[in-house]
Amino acid sequence: MSSKQVIQVINPNTSLAMTETIGAAARAVAAGNTEILAVCPTQGVPSIEGHFDEAIAAIGVLEQIKIGREQGVCGHVIACFGDPGLLAAREMAQGPVVGIAEAAMHMATLVATRFSIVTTLPRTLIIARHLLQQYGFEHHCAALHAIDLPVLALEDGSGLAQEKVRQRCIQSIREDGCGAIVLGCGGMADLAQSLTRELGVPVIDGVTAAVKMVESLVALGLNTSKHGDLDYPIRKNLSGQFERLN
Amino acid sequence: MSSKQVIQVINPNTSLAMTETIGAAARAVAAGNTEILAVCPTQGVPSIEGHFDEAIAAIGVLEQIKIGREQGVCGHVIACFGDPGLLAAREMAQGPVVGIAEAAMHMATLVATRFSIVTTLPRTLIIARHLLQQYGFEHHCAALHAIDLPVLALEDGSGLAQEKVRQRCIQSIREDGCGAIVLGCGGMADLAQSLTRELGVPVIDGVTAAVKMVESLVALGLNTSKHGDLDYPIRKNLSGQFERLN
Amino acid sequence: MSSKQVIQVINPNTSLAMTETIGAAARAVAAGNTEILAVCPTQGVPSIEGHFDEAIAAIGVLEQIKIGREQGVCGHVIACFGDPGLLAAREMAQGPVVGIAEAAMHMATLVATRFSIVTTLPRTLIIARHLLQQYGFEHHCAALHAIDLPVLALEDGSGLAQEKVRQRCIQSIREDGCGAIVLGCGGMADLAQSLTRELGVPVIDGVTAAVKMVESLVALGLNTSKHGDLDYPIRKNLSGQFERLN
Amino acid sequence: MSSKQVIQVINPNTSLAMTETIGAAARAVAAGNTEILAVCPTQGVPSIEGHFDEAIAAIGVLEQIKIGREQGVCGHVIACFGDPGLLAAREMAQGPVVGIAEAAMHMATLVATRFSIVTTLPRTLIIARHLLQQYGFEHHCAALHAIDLPVLALEDGSGLAQEKVRQRCIQSIREDGCGAIVLGCGGMADLAQSLTRELGVPVIDGVTAAVKMVESLVALGLNTSKHGDLDYPIRKNLSGQFERLN
Amino acid sequence: MSSKQVIQVINPNTSLAMTETIGAAARAVAAGNTEILAVCPTQGVPSIEGHFDEAIAAIGVLEQIKIGREQGVCGHVIACFGDPGLLAAREMAQGPVVGIAEAAMHMATLVATRFSIVTTLPRTLIIARHLLQQYGFEHHCAALHAIDLPVLALEDGSGLAQEKVRQRCIQSIREDGCGAIVLGCGGMADLAQSLTRELGVPVIDGVTAAVKMVESLVALGLNTSKHGDLDYPIRKNLSGQFERLN
Amino acid sequence: MSSKQVIQVINPNTSLAMTETIGAAARAVAAGNTEILAVCPTQGVPSIEGHFDEAIAAIGVLEQIKIGREQGVCGHVIACFGDPGLLAAREMAQGPVVGIAEAAMHMATLVATRFSIVTTLPRTLIIARHLLQQYGFEHHCAALHAIDLPVLALEDGSGLAQEKVRQRCIQSIREDGCGAIVLGCGGMADLAQSLTRELGVPVIDGVTAAVKMVESLVALGLNTSKHGDLDYPIRKNLSGQFERLN
């Protein structure tokens, strides 16, 4: 139980500032024997705000999963609310892989009958909708909201995006008939705890939730199933830029 | 992170042997700073194999939740696969409450695309079906199976029930197109780890899963939402045998 | 067809006033050969406004079902809109058991393509939502509304709650795109007929609906199935306060 | 309660023998003050075994509804398991209209957690599937079976079809995990009671179920909602053969 | 590919003006080798605004399908947004049959993640709702709207209905979070192209969509499956007015 | 209508043989004025048999979409049964983008009430399952089957895979209660027509279906909606290997 273990927290975009925010949030909740390795791809998109961005980010996630596996990490977190590349990453990984959207949504259903989601740009709402459907939580979601600011506004130091998130949470609690809020962006990881305290309802960040989920799975000895459709990718000649994924 | 904390693991039936099995399983995965308080009601049913049994067990769960809260435990586990009294318990509790069916199902979706359930008596399958629907995991369940032995057969020392569970797991993995197995009874808690090793696929027990879930929620500062429908029960004159729930 | 028969109408809370309201409503629609036995538990909660209350009420329901069965009643109604203890009661009963929520919802789908629900406290809405899902009527429900008054306000003699129900029905008909209203509380049983007349749309009370459902099932010779998961509870040593359920 | 009332039971096909079977079954369960008016269209199809047959039958149903309304009947039953023309009939009717498929399915969910359907030709199964989806009972149906004999085989006097139904019921109870059987054809109306007795599980016929449903709705004062989409058809010049529907 | 082929476009109502509108729209998109045969029943309803109207229209559709098949058309379009008689028509037809509601909905899901529907009278919304459920597109529909004018207002020459459609489309795009609009009436067929251009989002008409769908199916050699439940109707003695459907 | 137009058919894997098979199938059904541009990525995976392969293939798809858009093609087909990168491709494209899984599934629902899917490796079944859920066709799918041979076995010239597909189709038609078969791999494109003829039921290939779908959308003037979540990707600094996607 107390032997050292490393959890790789992958920010799928290339923003170092956000990687730091995410890493710090992860460390704040990690168990004493867990070391957090916060990484991001060297190549990719600076922020993820649509399916195109996600497709690119998925490659970065896979590269990091491969590196993490070679480094012997015990599990992986995909720290973008769309969980880009999740099932592909599970194929590649030996240990557990948890996305922050799924982690936050799962946790939310344990402390409230229904939750609302507060995210960044309206165009990303469809990604959250599809995840709710895929994970089975449509009936547990009271409403989805976007503050209509881009992801990187969370890193501009002005605090404007943070204040908009806060306002939207307050309004959701009043109007949606929800018992908890899920924050819909990895860049909001540092807001969850203070909002939970201020608003008196669970405000859930996926980064921290996913770290605890991975720790839990590791403690239970539960790795990604290699029986069936999450088995390691069939060995093939990957060509060009993808060779290094071999 | 490292201050002492107590998690109350409630076996909703009155079987002391099963309470011990459950408590031992819980302790085996608990974090270093977690103390497991394994309890069961003093009054109730010796095993839970239907809705009637569950209705009775729910009262025992509520009594224990009340005691646990007064003892200052940080969270609660309901250690029967039907999660009896779960939402009522959440109303009564301050900390998080996690049922072992939901914990096992949640965990299963993180390591496999589809799981099968192996439980005891056929008549309990409907309870699992309803939970799959309520939790949102119908699409993640490949099949449900019953070994057709009562719950307490798991405590008779013969190992017969255990062997039937094992056989049913093996068959499920071969035939169901599932990547993981969820064990459908708190009394199977001690089988998960050895079956996982032997069969090479995640075999998931809800007791241990729920303990890690509660630890995770506590570490994240996430208590049961008291905003809305899981708020504390409205104070009323409970009469007769229920007075002590006041 | 014309031999005497007794239907037991169980008010799951301990309010005698409400038991009387319910009994009177039941009698007003019962067939000539049906005698209504309106009962309530001697121990329990004075009103039911959440899952905790429901868990307690379920025990009272089971006690009454047992008494009713011993008295030779032909069927049972559970007269609280959450249908507390319904499946457990079906295990225990020989004759049919019908909850008032299910009865009202079923009836509503026969006279309108979509219905709205008007109930008491907002915190009970989640119970109605879950029942809609369990019974299969999510697509038939246009909207759910709460008048934000407790159940017992319906018994305070002021008529305030009744007026709020009426207003909410009128607004629902105008705005929801529904063709019928389901009243979401046993204590509203006496309002259905006058509202139906005044508003010119079916306003459906579950108590009366359930009585007719039970009469129908009895006339058809349809008892609760004892094949499979609604079979009588497996005989066990029930301990303490639950002994009398044996 | 005891004033005379007439329920119109419409056999949507033109088989007089089947109309008689259906009428007799209806009369056997009708209340003392209910007169059963068993009718069938003068023009149409001799049996209904597909969507084409249903489309034709729907016109016959509407003609009979119009006649019934003019005769002052209190409600209508559509006695074909596909419930042909149900919503159109509700637009046309003042009183309640109940289809035998919906009646049987509703009743089945009240006495068992899951039911199986036994019907005639395989090609009619899709109609039952669609009704399950439309009525919300997909989760309550364990399996659908066809005896692979045409509807009119039930009227050929040989008893072969009846025996095949019986065999299929027995097998369903053994294998499907269901607690009740729904008979999927109006022509099976006379089998329900004896099969219920022989097999010891509820075997449900829709004709008798629908009669009791209509009686119940009438007793409750619940007519088809004329607010919204079931309002009377907008008056139009119906031309040619349809003029008489004006 | 380039041999002549005839597609029969059936306006299920008897309005010749609307048949012309529909035929013209169909011709505007038909391939060079496709001849459009725009027909309507000689007997029936002048417009379709409810289930009753649909039941009558279905007969007209079947008569036309029969005629079309005898004329050797390669496929059929049912040009009313409720797709009346669709499955019955498929039984009767050899070639493909496509309804305009399904065609428009299918197309919409190919160019947008979610679409809104704009139709005529509120009472027809339920028909669209049921089709969304039957076709599987509930999750792809953002909202349904009615302009509250009857179908034939589209043919009164005033342009009022057309302007209301346009206004409702503009509002939907602004408020619904949809990426495309589906026009919910065959009589709006001539509006799609100009609205698409003006509003800059796909505004989809089902008549034109269905014509292209039928052409596609024909080019692929895909006829209506005669294996199973869409096989030709079983030969029977159709009596009276239905004889000519034999 | 008759001006020249180019449809880009993208084989997302790098197999030139399969690209040729796909291109030939596409050309065989293309309209006279349609030129088929069959392409595949220069870098990527030789075949796609899991989520990992799909994630890589998605990048190749996006690169080709970009090239195609610059070449002025009128629309795009993604010719792999998992529709990899579909929504990302729609963001990037101006014209319509259609995946072969969605095209085949849509077409299948137009000619049969239920279809079965026959694909290659069992591990790809989960991808088809998820697409059924996402596209809304779960209820239209009777069964999913895998022949348990890898994708490239279709290109080995032995005909073994083709024969296994044929056998599986025959068995499906006999046992599944389906009216049509959907072929679950782009490499089966050349089998559809002969199997349709031999088996007498629609056997549907997505490549050809998608070509006709794109032609249809183009003829209707329907491009991918740029209003909302399928708008062009927000301009960002794509780094490293992804620069060329800018």
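Per-chain residue numbering starts at 1, and chain names A, B, C, D, E and F are given in the order in which the chains are listed.
Assume contacts are C-beta pairs under 8 Å (C-beta built on N, C-alpha and C of every residue); 3 or more make two chains touch, one makes a residue touch a chain.
Since the model is a prediction, treat every value here as computed from it, not as a measurement.
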What's the overlap between the neighbours of chain A and those of chain B?
C, F
Farthest chain from chain D by C-alpha centroid distance is chain A
C-alpha-based rotation, chain B on chain D, 0 to 180 degrees, nearest 5:
120
Centre distance in Å when chain C and chain D are each reduced to the mean of their C-alpha atoms:
27
So the centre of each chain is just the mean of its C-alpha atoms; given that, what is the distance between chain A and chain E in Å?
44
Whole-Å gap separating chain C and chain F, where each centre is the average of the chain's CA atoms:
52
What is the distance in Å between the mean C-alpha positions of chain A and chain F?
30
Can you list every residue of chain A that touches 2 or more other chains, as numbers and ranges?
87, 90, 113, 122, 125-126, 133, 139, 177, 228-229
Considering only which chains touch which, label the overall pattern as line, ring, star, complete or other.
other
Using the contact rule from the top, write out all pairs of chains that touch.
A-B, A-C, A-E, A-F, B-C, B-D, B-F, C-D, C-E, D-E, D-F, E-F
List of chain F residues in touch with chain D within their complex
113-114, 139, 177
Chain B-touching residues of chain C, taken from the complex the two chains share
14, 42-47, 49-56, 58-59, 62, 85, 87-88, 90-92, 122-126, 130, 133-134, 150, 228-229, 231, 233-234, 236-242, 245
Chain D contact footprint on chain C (complex, rising order)
1-2, 29, 31-32, 87, 90, 96, 98, 102, 106-107, 109-113, 135-140, 173, 177-180, 192-193, 196, 200-202, 204, 208-209, 212-213, 215-217, 219-230
Chain F-touching residues of chain D, taken from the complex the two chains share
122, 125-126, 129, 133
